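Please find the structures below.
Below are two complexes that have chain A in common, paired first with chain B and then with chain C.
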Partner chain A sequence: MPEMIACFKWVIDEAYIRRGPEGELDLSSVNYKISEYDRNAIEEAVRLREAHGGSVIPVTVAAPEAAKGVKDALSRGGDRAFFIADEAFHDLEPSQTAAVLAEVIRSRIPHDLILCGEGSGDLYAQQVGPRLAEHLEIPCISFVQKLSIEQGRLIAERKVEEGLEVVAAPLPALVTVLPDINVPRIPGVKDTLAAAKKPFVTVKRDELSGKYEAHLATLLVRATQMERQCERFGTQPEDVARFLESLRKKGAIGQKGG
Partner chain B sequence: MAGVWIFSERYEQLLELLNAGRRLARSMGTKLSAMSQLDPEKAATLFSHGADAVLVLPPLSENPSLDAFIPVIVAEVRKEDPDVFLLSATLRGRELAARIAARLNTGLCGNCIALEIDRDDGALRMERLVYGGAGLQAVTCSSRPAMASIPPGTFEPAPADGEGKGVVRTLPAPPPSAVQIIERKTKTSRGTDIAEARVVIGVGRGFEKEEDLHLAGELAEALGGEIGCTRPISAELHWLPEEVCIGLSGLQVKPDLYVGLGISGQIQHATGIRSSKWICAVNKDENAPIFAVADFGIVGDLYDVIPKLIAALKN
Partner chain C sequence: MDFKLSEEQELIRSNMREFAAKHVDPIAAEIDENSRHPAEVFQKLAEGNWLGIPIPQEYGGAGADRLTHVIAVEELSRSCASTGFTLSAHVDLACTPILLFGNDQQKAKFLTPMAKGENLGAFALTEPGAGTDVMAATTTAALDGNDYVINGSKTFTSNGPVAGTYVAFAWTDKEAGRKGMSAFIVPRDTPGLRVGEHFKKMGLRASQTSEMIFKDCRIPKENLLGQPGQGVQIAMTTFDHGRMGIAAQSIGILQAALDEAVQYSKERIQFGTPIARHQAIAWMIADMATDLAAARFLAYYAAWLKDQKQPFSKEAAMAKLFASEAAMKHTTKAVQIHGGYGYIKGAKVERLMRDAKITEIYEGTSEAQRMVISGNVLR
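And now, the complex of A and B:
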């Protein structure tokens, strides 16, 4: 019965990000969420548990505020969770996150399969999964859109430039999943209530032995500009004609259509 | 030996990286080495495109999973100690880059869209998008080598203009990967190039069913454009091929005119159309974020509006 770890990140919901007056990112009124594709990772682990038994363990490295995310992950079907939390874990780069995850997973969490999202909603670095697999010295299969366990082996369909590859790997292994792999369930009230009773372990920075130094230094972060005209038109034939006329005036379309 | 290294398993992307790498190598006053999986004869053509040295990974007959080469590449990097190592961010390349960076214990700027050597301190400055494309982050790397993975199409291919001579060195074959390929399903590419199209029509989930896409097709025809789409349309619904998905995880387009139909305009898509000269949108929700990034928007039902647009264009 497979022990499955689903790595998830508690990220800023990008829909709330605004551009500040100086071109800076305005994060003053943002909400947080479980990174989009990590919901697919959790869902896939739950789906495999339904087929093979075992357990699903959501794990995150985050600042202490992310406790809400741990509850959320448990309400999506996790059995118990690991919350690796410290003030110092606010802005880790992927190499640090992977190293922290590796230390905790190696020393404390039995695992046959580790599932990550294809990329996180904020950094979209697409690194933490493959780096983690290297630290743990286990096979890594990225961009997986179909997954099964057959006779103790992992069978995965991964996306590559030319199409698909069906691959097999021994367990334990790590996969990163694409959003096409499943449709994550939306937790109901019952799930939320059940999650409140599920156990989770908090791991603090001083329980870890690694140094976890950054390799990258951030020189700047700024909002990407998009200044547009933002003119609106209705749907009456004369509105549509005016719309096309505006495009013609700008030279966006020729005198006769394209 | 130092220098700038590039790697891709694909010829086209090698040429793009040669272009990016050439510039860096020049401003650093160092050499450019290309590493690839090509056969040695094809690999030798890389000299005329700007490579100073070429390293070839031997073909793997048994189990050709590319990740088998990680130990070989890592050993070579440790031995030669390049300053900079660029990989093409193909799907395989992104995984490879992250795993190599982990083994080398160095930093990696994933999906890097611009890079340059700082004139003052000589550091490599690398840029990437964050928050779905809402932000731009610039980083430098404090460990060696500085690594970046670069999305295909970010740079033009390097032209052939050098003298075209050098030594091709073949690296040792590694033991097979633990990941065994048991089947390959290749897709047939449609061959449309929306990255270069002058007019792009974007299709979103506002379309109710696949059959309805003919409306987008007719509008594209009337405007002389190509069809692209949002990620759900290609990845979840499979109505259109992956190659025409526009956005953070797809293509960046730069047409004169982009028309988004039934597209909400969330940042991950909007970021892919940012370089369009003019952006139009048809969406029935007046609060859809696409209107904030569009020049001209029609608030209405696409099933009503598109036929009207086509009729007006035909008149």
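And now, the complex of A and C:
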């Protein structure tokens, strides 16, 4: 019976981000949520448990405020959770997140399968899954839109540039999932209430041995501004020429011969 | 003092928001237009234990508190006031009196399937000649051996056409005045009970409202709810809970009106600028947001009092009065902000304005609330 880890990130719900007067991001009234594709990862683990038994262990590396996210993950079907929490874990880089996850998972969480979302709702760097697999020296299957366990092996359908690829891998393995893989169920009221009573382990920064230094520096975050403009063109050849000229003027396409 | 919801309440709110956005928003205009009860949505609500939030788990409910239920009604009503009210009527007007006044057998037999969402409940008090004046009712229940025989007719019964279980009121001893009315649990398939066609309404059109005709309708004595003569007390206690539901419904409507008004006023350009930049519009939105916050605090406070096992009757009436009048006032403004487009079918604000009106009428009109509140204050 497979022991399954579902990694998730507690991210800002982008619907609440506003643009400040200087183009900065106004985060003063944001809510947080489990990153969308990570919901698919949790759901897939729960489905596999329904088919094969075993258990589902949601794991996150986050600032302490993400405690609500741990409850959320448990309400979505996790049996018990690991909450790797520290003030220092605000805005970790993917490489740091993967390394921290690797240390905790290697030392404390026996596993047959690790599921991650393909990318997170905020950065979408698509790095944590593959890096984590590399740290743990297990196979990584990315872009998965269909997954099953057959005779102790993973069978995964990957969505690749041109078509589908079906691959098999021995367990333990890591899979990163696409949103098409399932439709996460919305937790019922009892699920949420029960989640508050499920066990979870909190792991603090000083219990870890790695250094986990940052390599990137964020210099500036600015909101983009979309401007809509409307011009009408006819279908005559001269209209088409005028249309192209207009696009060039706006810099939407390159200059003639350039 | 603590203004923070629990993590569970916050999560349940966002889950209901997601549920409503996914399952209710897409059909809200259609069920309004066709006066249709969305049975398929109630099936899904039942699966998520949304139809028995404040009912203990031993009776088939989710076992959460009243405030959580209020939040769920609010979020559901934000997408569709009819759907939010159908849920509120089921829980607040039908499940709640059985929970509070029913005996163990009644809770096992009637409340448990209702709280699981296997059938909906309804509350039949109002009669053609007895609205605000409950005592003017004429429906009677006469004891005959081991049965009560009910005769008379009720009107405006919400969920009437779709319910499986009714809490109905009738005189067992007209001479005894306030102590002479009793409450009964009447299953839908009882011979002698006829449920009328649902009324076509101005708003709240997807909520099903009908007459109920009792003609020699025989129910076993065990279906008496509470004691003989306890009916008026049961009705009034039920209203205390229902009013929090109507406040929640009104807040949902008001939040939806604000959402629509904010979005439209930022997009609509007149005189070269979004209309939100015209002070007249901006101030309407300021008032709307302020009344919404006040209404929400009143309603959550009433529910919190209930959860703390403190008296909440006056606060529930205040919340209902304030929230419903704010909903009516500001949905009118939201239509105003939309100009002519707000008057056309298909604009959400048009439906919100029609749906808001009922909140000032049922479960005690605004005038009746003022009687309750002034009675409390002047005591």
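The criterion applied here is as follows: the second predicted complex is superposed on the first by the 226 of 258 C-alpha atoms of A that agree within 3 Å, B and C clash if a C-alpha of one lies under 4 Å from a C-alpha of the other, contacts with A are read in each partner's own complex, and residues count from 1 in each chain.
Criterion: a residue touches a chain if its C-beta (ideal position, glycine included) is under 8 Å from a C-beta of that chain, and two chains touch if they have at least 3 such contacts.
All of these numbers come straight from a predicted model, not from anything done at the bench.
Asks: Any idea whether chain B or chain C touches more of chain A?
Replies: Here the partner covering more residues of chain A is B.
Asks: Tell me which partner A:53 touches in the superposition: chain B (first), chain C (second), both or neither.
Replies: neither
Asks: Examine A:21 and indicate which partner it touches, taking first as chain B and second as chain C; both and neither are also allowed.
Replies: Neither partner.
Asks: Given the touch rule stated above, what does A:125 touch, chain B (first), chain C (second), both, or neither?
Replies: A:125: touches chain B, not chain C.
Asks: Identify the partner contact of A:178: answer first if only chain B is touched, second if only chain C is, both if each is, neither if none is.
Replies: first
Asks: Once chain A of both complexes is superposed, is A:199 in touch with chain B (first), chain C (second), both, or neither?
Replies: After superposing on A, A:199 lies clear of both chain B and chain C.
Asks: After the superposition on A, what does A:152 contact: first (chain B), second (chain C), both or neither?
Replies: neither
Asks: Going by the contact rule set out at the top, does A:187 touch chain B (first), chain C (second), both, or neither?
Replies: second
Asks: Both chain B and chain C contact which residues of chain A?
Replies: none
Asks: Which of the residues in chain A end up touching chain B in this complex?
Replies: 12, 14-15, 17, 25, 93-95, 98, 118-119, 121-127, 129-131, 133-135, 139-143, 155, 158-170, 176, 178-180, 214-224, 226, 228-235, 237, 239-241, 243-244, 246-247, 250-253, 257-258
Asks: Spell out the residues on chain A that touch chain C in their complex, using ranges where they run on.
Replies: Residue positions touching the partner: 31, 33, 67-68, 71-72, 75, 186-190, 192-193, 195-196.
Asks: In the complex of these two chains, what residues of chain B are touching chain A?
Replies: 10, 65, 67, 90-92, 94-95, 98-99, 101-103, 105-111, 125, 129-143, 177-187, 199, 222-225, 231, 235-236, 242, 248-249, 256-257, 266-268, 270-271, 274, 277-280, 286, 289, 291-301, 304-305, 308-309, 312-314
Asks: For chain C, which residues are in contact with chain A within the complex?
Replies: Result: residues 7-8, 10-12, 14-15, 18-19, 22, 47-50, 53, 57, 62-64, 68, 72 of chain C touch chain A.
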